[in-house]
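Note that chain A is present in both complexes that follow, paired respectively with chain B and with chain C.
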Partner chain A sequence: MKASYVIIGAGISGCSIAYNLAKKGVKDIIVVEKHYLTAGATGRCGAGVRQQWGTEMNCRLAKASIDFFSIAKDELGYQGDIEFKQEGYLIVAVNEEEDKQFAKNVILQNSLGIPSRKITKEEAKEIVPHLNTDVILSATFCPTDGHLNPFTMTDAYYQAAKRLGVTFLFREEVKSIVVKNDKIEKVITTNHEIHTSNVINAAGGYAKEIGDMVNVAIPVYAERHEILVTEPVEKIQGPMVMSFGMNIYCQQVPHGSFLMGRSNPFEKPSHNIESSWQFLDEMAKTVCTLLPPIGNLRVIRQWAGSYNMSPDRQPIIGTTDLPGFYVACGFSGHGFMFAPMTGLLLSEIILGEPLTIDITDLHIDRFKTARDIVIEKSVV
Partner chain B sequence: MMRIKEHPILDFSKERKIIRFTFNGQEVYGYEGDTIASALSALGVKEFSVSIKHKRPRGFYCAIGNCSSCHMIVDGVPNVKTCITLLKEGMKVETQTNKGELYDLK
Partner chain C sequence: MSKKDIIICRCEDVTLEEIHQLLERGYTNIEELKRLLRVGMGPCQGTTCMQLIQREVSKFLNIPIEEVKTQKVRPLTMGVKLNAIKEGACDES
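On to the complex of A and B.
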């Protein structure tokens, strides 16, 4: 078979890229997915979307993405419910350093049109009454941050892309990519040989392995991040509550369940996505400290997914040294919330259109040069 | 009453201690060894909770603490699995009609 572009990975990034390219009139796009729609990090993520970042680039990408999420249902003509809940993110500062940094972050965010504000712990308690203010100094709150259902949101992109003629191949793994004289010739999957000269790497946790197939070294690695969900109760929490210092994010979804996760600072790079009792133990302690009443809820299940970590915790989007080989990876745990811009901007790069947001700084070449890279610190 | 009184193998003849409790404010009783759900079931109560989305009646179903169908408010605590919770003297048992209010154990 033949394709103008082969996109590897049917998570939200791959689906968004496929949709945006197809919408701009590109024909014969094939998306190859090893498992099923949202099988990787997308279907495993906390699905929060926030604009409260520490770097200008992340702020811009996040804001534009949230603007899209708010109109996504109509824009994509989706019949289902993407469950977009826009009740903010409350990010608590638990030490002096965070308190100072957050004040700076808010100034940056406000300058970019993001309506975040620095608030006292008393004000934070008004927004989230079950918050334990004894363990925090202050907080920042952005009312337009929110949460979506990652399955239906990705399905919305998938359905729209299919209507525009995109072909999806599920349960097919890319085994190799044939390159001759610096030109991509074909993609060999478990079931097909797809003749193409363009490949887009949106393989999430496996982005490095895809890069290795064409000798493009992508400085990313997979890292397990665990998450759990509780039984549902009546709504008591509007915003996502987050702390970098305490290492927790916790959100009540519309169904009533609480989703929460934290990072393991000792996690080694790997494709392991098994659940651990250590996570359950640490997560329970952390949430009971910050949001004590949640300790009364039963845990329904826990699972894990891979972050695709980049050296500066910022995405890698754009062209590579190999003509026709594009990457959208290294999201470091934030691929879901940036997906609308990932798709739009990569399609603009591919088609040589003017960029809606200048993402030259997200090019893979930034790791080749000696100049300082800006590391995003606002990460759980 | 739905209790089995005679059985070819099991012996139900022995007198059991009566346990008094309230169901939706009404004073009722079961026997020692009952779970909350078995006592209610014996009293002919079929509706324990409601389904989350359509609020349809839910009753005694899996009886092993898995299905969440028997979640009730017991002594003010919601989402109690009444099918695996032993009945105790003076318990206040109420039908649950929502997902349960998150409570504070203080």
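On to the complex of A and C.
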């Protein structure tokens, strides 16, 4: 088999990259996926999309991606429903430090054209009536943030890429990559040998292991994050409610169920994605404090997935020291919402086109130098 | 009886016709069917529908039913109110 580009991973990043490259006229692209479409973090995520970030880079990537999500169904010619819901994110401040930081974030966001605003807790209660305002100081709200169905959104990219001629190999694992004299020769999978000079690493939680196959050290690791879903009920909550301080995000999806998650600050790097009762306990305590009536809902199911963590909690997108080896990883828990830009920008980098957004700062080389890295703090 | 009227997943109201449509489009893995149709995502967690779906996949791919892998079984086995979990957690500590 031969390919111009081999993309490893059929999560939303790999599918978006495949679609964007193919749309720009690249032929003979092969995507290799060891399980099935959305088997990795993509099919396990909260699928919230927000523009309320603390760094300029994340704000820009998120805004441009949301602009794409709003036209994605037509752009990708998708028959199904991507369930794009734009009813905002309500991010609550639970201490003075957050209150001050959020005021600064809103100034930054507004300067980039993001319509977020700082609001009082009374105003927050008007937006989410079941919010317990005794535990918050203030909030910020951005009405154009939202949520999508991660399965159908990825399927939309997948279908469009297939129509443009991309080949997908499912249930096939990349085992090794043969490099000679600093040049990629072939990718060896469980079923094929694919001759190619270009490999794109979109392997999510396994991005480091793929880098190791070609001796490119990628400073990322996998970390388990858990999530649960309740029984569906009538619509009572429009926006995603989020708190960094209380460590929770909670959203009612169009289907009617509530999705909620939080991080475990003691989680160690690993590929473990089993569910734990500890998460269930902590999640129940947190949600019952911040959104008390949600306590009346039954939990139907819990699961987990891997965040691919980078040192500054920002993505790593671009070329590497090995010619023909590209990376799109390290999304640190927010790679779903950036995927439209991940695909567009990486395809521009690969084809040497001018960049829609300057992402030089997301290059892997940023970790080589000891200069100050900007850490994104607005994460759960 | 029309395939449209045969309900396979009672929790999420998914018909035999919808299952067949996705099989035709190449989604023959139960995890994929689950993600795209929500089969097995409801309160019964697939205890009612999964065997029926396994049989459909087996017929479609013409392979023995034992070779059709079912979905990953996830907690909880029964819906429990968040309040009850919270109270349990607080009592213990």
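In this text, the second predicted complex is superposed on the first by the 380 of 380 C-alpha atoms of A that agree within 3 Å, B and C clash if a C-alpha of one lies under 4 Å from a C-alpha of the other, contacts with A are read in each partner's own complex, and residues count from 1 in each chain.
One rule holds for everything that comes next: contacts are C-beta pairs under 8 Å (C-beta built on N, C-alpha and C of every residue); 3 or more make two chains touch, one makes a residue touch a chain.
On a predicted model such as this, the values are computed, not experimentally measured, just so you know.
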{"item": "Fit-or-clash call for chain B and chain C when the two complexes are aligned on chain A", "value": "fit"}
{"item": "Winner by number of chain A residues touched, once chain B and chain C are compared", "value": "C"}
{"item": "Chain B versus chain C as contact partner of A:Gly256, first or second or both or neither", "value": "first"}
{"item": "Partner chain in contact with A:Ile248 - chain B first, chain C second, else both or neither", "value": "neither"}
{"item": "Which of chain B and chain C A:Ser275 touches, first, second, both or neither", "value": "second"}
{"item": "Which superposed partner A:Glu231 touches (first chain B, second chain C, both, neither)", "value": "both"}
{"item": "Partner chain(s) touched by A:Asn296 [first = chain B, second = chain C, both, neither]", "value": "both"}
{"item": "Partner chain in contact with A:Ile200 - chain B first, chain C second, else both or neither", "value": "neither"}
{"item": "Partner chain in contact with A:Ile91 - chain B first, chain C second, else both or neither", "value": "neither"}
{"item": "First (chain B), second (chain C), both or neither touched by A:Leu61", "value": "neither"}
{"item": "Apex chain A: angle to the C-alpha centres of chain B and chain C, given in degrees as a multiple of 10", "value": "30"}
{"item": "Nearest Cα pair across chain B and chain C, whole Å", "value": "5"}
{"item": "Overlap of chain C and chain B interfaces on chain A (superposed complexes)", "value": "231, 255, 294, 296-298"}
{"item": "Residue ranges of chain A in contact with chain C within the complex", "value": "35-39, 43, 80, 151-152, 155, 170, 229-231, 255, 275, 280-285, 287-288, 294-303"}
{"item": "For the chain B and chain A complex, residues of the former touching the latter", "value": "52, 68, 78-79, 98-105"}
{"item": "Touching residues on chain A, where the partner in the complex is chain B", "value": "130, 231-234, 236, 255-256, 292-294, 296-298"}
{"item": "In the complex with chain A, residue positions of chain C that touch it", "value": "29, 31-32, 35-36, 38, 41-43, 45, 74-76, 79-83, 85-86, 88-90"}
